[in-house]
Amino acid sequence: MQKKRITCLGMIICLIFIFPSLCGAQKSIILATTTSTQDSGLLDVLIPVFEKKTGYFVKTIAVGSGQAMAMGQKGEADVLLVHSPAAEKKFIAEGYGVNRRLVMHNDYIVVGPAKDPAKIKGMKVSTEAFKKIAGAGALFLSRGDNSGTHSKEKAIWKASGIKPEGKKWYQETGLGMGQTLNVASEKNGYTLADRGTYLALKKNLRLEILMEGDAILLNIYHVIEVNPAKWPKVNAAGAKAFADFMVSKEVQDVVKTFGGEKFGSPLFFPDAGKQEEELGK
Amino acid sequence: MDLILEGILKAFYLLVTFDPEVIKITFLSLQVSGSATLISLLIGISIGTMVALAEFPGRRFVVSLINTGMGLPPVVVGLFVTIFLWRNGPLGFLGVLYTPTAMIIAQAIIATPIVMGISLAAIQALPKNLRLQILALGATRFQMVWILVKEAKLPLLAGVMAGFGGVISEVGASIMVGGNIKGYSRLLTTATVMETSRGNFDIAIALGIILLLLAYFINLILTNIQQRERPR
Amino acid sequence: MNVPAPILEVDGLKVRKGGALVLDIPSLRLEEGEMLSLIGPNGAGKTTLLQALACLIKPSQGELFFKEKIVSSNHGLFQYRRRLAMVFQEPLLFDTTVFENVSSGLKIRGLKRAEIGKKVAENLERFGILHLVHRSARKISGGEAQRVALARAFATQPEVLFLDEPFASLDPPTRESLIDDLERVLRQTGTTTIFATHDRMEALRLSDRVAVMNRGRILQIGPPPEVMNQPLDEFVASFVGVETILTGRVSKKDKGSFLASVMGHEVEAVGEVELGETVVFCIRPENVTLSPSSPKGATSARNVFTGKIEKVIPMGLFYKVQLQCGFPLVAYVTGHSLEDLELREGKEVVASFKATSIHIVRKK
């Protein structure tokens, strides 16, 4: 008898625990963005503000730019915050997205071991630096995951006329930015990273900034609403609200100072309203 | 080595200060895996027992299906559940993708064949005439099944622990269907992966330790139920 | 003349397993209060019959009547089964205390705790295991476990008790003691019982009627003396312990008795036969007397033969002596007789048996 009572009590307690958030299908939007954006911590600051202001529940799905746009193509996301301009333009051209608006930028840097075997420190042109790395056969780690960072890296290789795939010194990790930086640090290799992630992990890495400032290294973020004409199920109103929010003055001000105290310099530069061509000048 | 030490200290710190985010993800891990295990228990034990006791054409085929299910790669389950739950997928109207509910569904799918397969073997391992003896004592079919399940308590609980162990430690499917959304669908396992990829190894190790402690305590309770000795 | 209704009756019962007919019982009646034993070799169908009568397996054909009402699955077979009890060769106890085991049948029927306590104590007492009441079923001996199984069966006050070789896996002293106790309890309660065994001594001891089974059929059913001494055919004969089975042709007939030629020797027997007919002689070894080579005086036995001992086999309490008298003959002797007569292999003896002790089976 005693046993039965305890079992019943146990089951009731379980039921109270169970089905935690069967609710939660209220107004929600799916934001597909990149791991580096997520890892920078910027969204952790902005999203709660947006949710409070508009009452929307934002499901932030952090994947690579490639996958984010694939989700947009299938109508499985409502709004994208990505940084892969070439692919984005194609995305818009094919009619999957509308209202591509510039939000902010940061930049990529080339990091590597302090010893700098390829001697690229202080160079100003990334294509030249990459040529030197290839020439020296120095270890280079690529993300290899179709992310924005990976696309940028591939563009630089292409511009320098080098095909690194398959070469012994060129290794593709298939991992996120943070992990790739760790691998590079462990193996004393070079890699292309966004400044934000590098700064966040700097204390654990044995890598230094060896090359920065080239215009081509600009990492530009756009917000794109998924085209409701193609996918009627998308939350078009929510997507627009979020996109408007990202380019609003209030948010742009936050972006301007974000990361300042922690890393010494802000991680991003707000650009809403500007034209892409103006940047970097 | 000192990384691990850092991790242990961090784990201790997080627990002692009741860090709200850690509490939340620990609770959620327990809720999600607990619910999934409960569902797998109900479905797994009932169907496993039925198949063990019944005779029907194609029975051996069904048993081999169940046994194969025990080894279902969780990531594959996650992929298929995602495809089904996509907005434009067959179950999209439910709108449960990227919610804890989706994680419960995926984990239940992973755990159920494990519990089912072990229940099947457990019931089959009982003495052949026991079923007849229970019927001869005047039991209805339902009473008979209940008594058989009680007799097979030891291996059945091992099955439940195997199912629970399989899902509390699961990460691939949980990330895919849950989205690892902060404060909403983030679990101990998915958070560990995220912190690792961010390079925050101390936090990652801390979360790992907390996960191990959680799994240990749950299994301690289940083991006690399993091994409880009769008086004298 | 009022014939009381049988408690259990079977009509055209057939059970098929995997296409083969494993049980074929055209009719069987079980009277209230009687103890019927089923004997037969392994695979004879004893277990199948018991399980079919208890509705634990579904017959392919046939009907079962309990107290003249047909038993069907319409109202749930468990209602019928609640009026019976069965004990198997293995105790099949539950992994809990002796008390919980014995009360399991009562708990299944939804009895209240107070009543259960009373009935359990009563039945533990009956089988002398009251002191084990709180012991774990894992920690008792084989004999004790079987007592628990019996107590569990009797606790529900069954109207028919089915026992499927319950003593087969016990050692002789345990078996003896249990049979004693069971006998006593059965006499007290008067419970109708069907008891399957392959030990004919057990069957003889406990039963009102014995049924000999082989290949799914009942070959002969009747009170023990009848079956043992008047087996209907050779199979039954050999199964009930008739050691000498001979074939002969009737050569001479007289009033009620006749002479038959068995392997060149003349054997006298009693019965209604035709001249020239082939008959089978069943001679129980207990009815064969051995005496030293030169016969002392006239014996009342008509059949006296000289023979040589081929083999002496110790059988525990007595000895089986195999002789060759021109035809094979088996006798049982006590240890004393063995010594007194100095019986050993190769020795010549005189064997005799009464004409009236021979049971004849007419070959059809």
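Couple of notes before you dig in:
Note that the chains take the letters A, B and C in the order they are written out, and that residue 1 is the start of every chain.
Operating definition for what follows: a contact is a pair of C-beta atoms (placed from the backbone, for glycine too) under 8 Å apart; a residue touches a chain by one contact, two chains touch by 3 or more.
These figures come from a predicted structure and were not determined experimentally.
Listing every chain that touches subunit A and subunit B alike gives an empty result.
Core chain by CA centroid proximity to the global CA centroid: B.
Distances between chain centres, each the mean of the C-alpha atoms, put C farthest from subunit A. A separation of 33 Å divides the Cα centre of subunit A from that of subunit B.
Averaged C-alpha coordinates put the centre of subunit B at 55 Å from the centre of subunit C. Separating the CA-averaged centres of subunit A and subunit C is a span of 87 Å. Remark: subunit B residues 127, 129-130, 132-133, 135-141, 143, 147, 150-151, 153, 230-232 touch subunit C in the complex.
On the side of subunit C, the complex with subunit B involves touching residues 51, 54, 56, 76, 78, 81-82, 84-86, 88, 90, 92, 94-97, 104-105, 108-109, 134-136, 139, 152, 156, 162.
Note for the complex: subunit B touches subunit A at residues 28, 30-32, 34-35, 38, 86-88, 92, 95-101, 179-182, 184, 196-199, 201. Those residues of subunit A that touch subunit B in the complex are listed here as 14, 17-22, 24-25, 30, 35, 39, 44, 57, 59-62, 74-76, 175-176, 178-179, 181-182, 200-201, 204-205, 231, 233-234.
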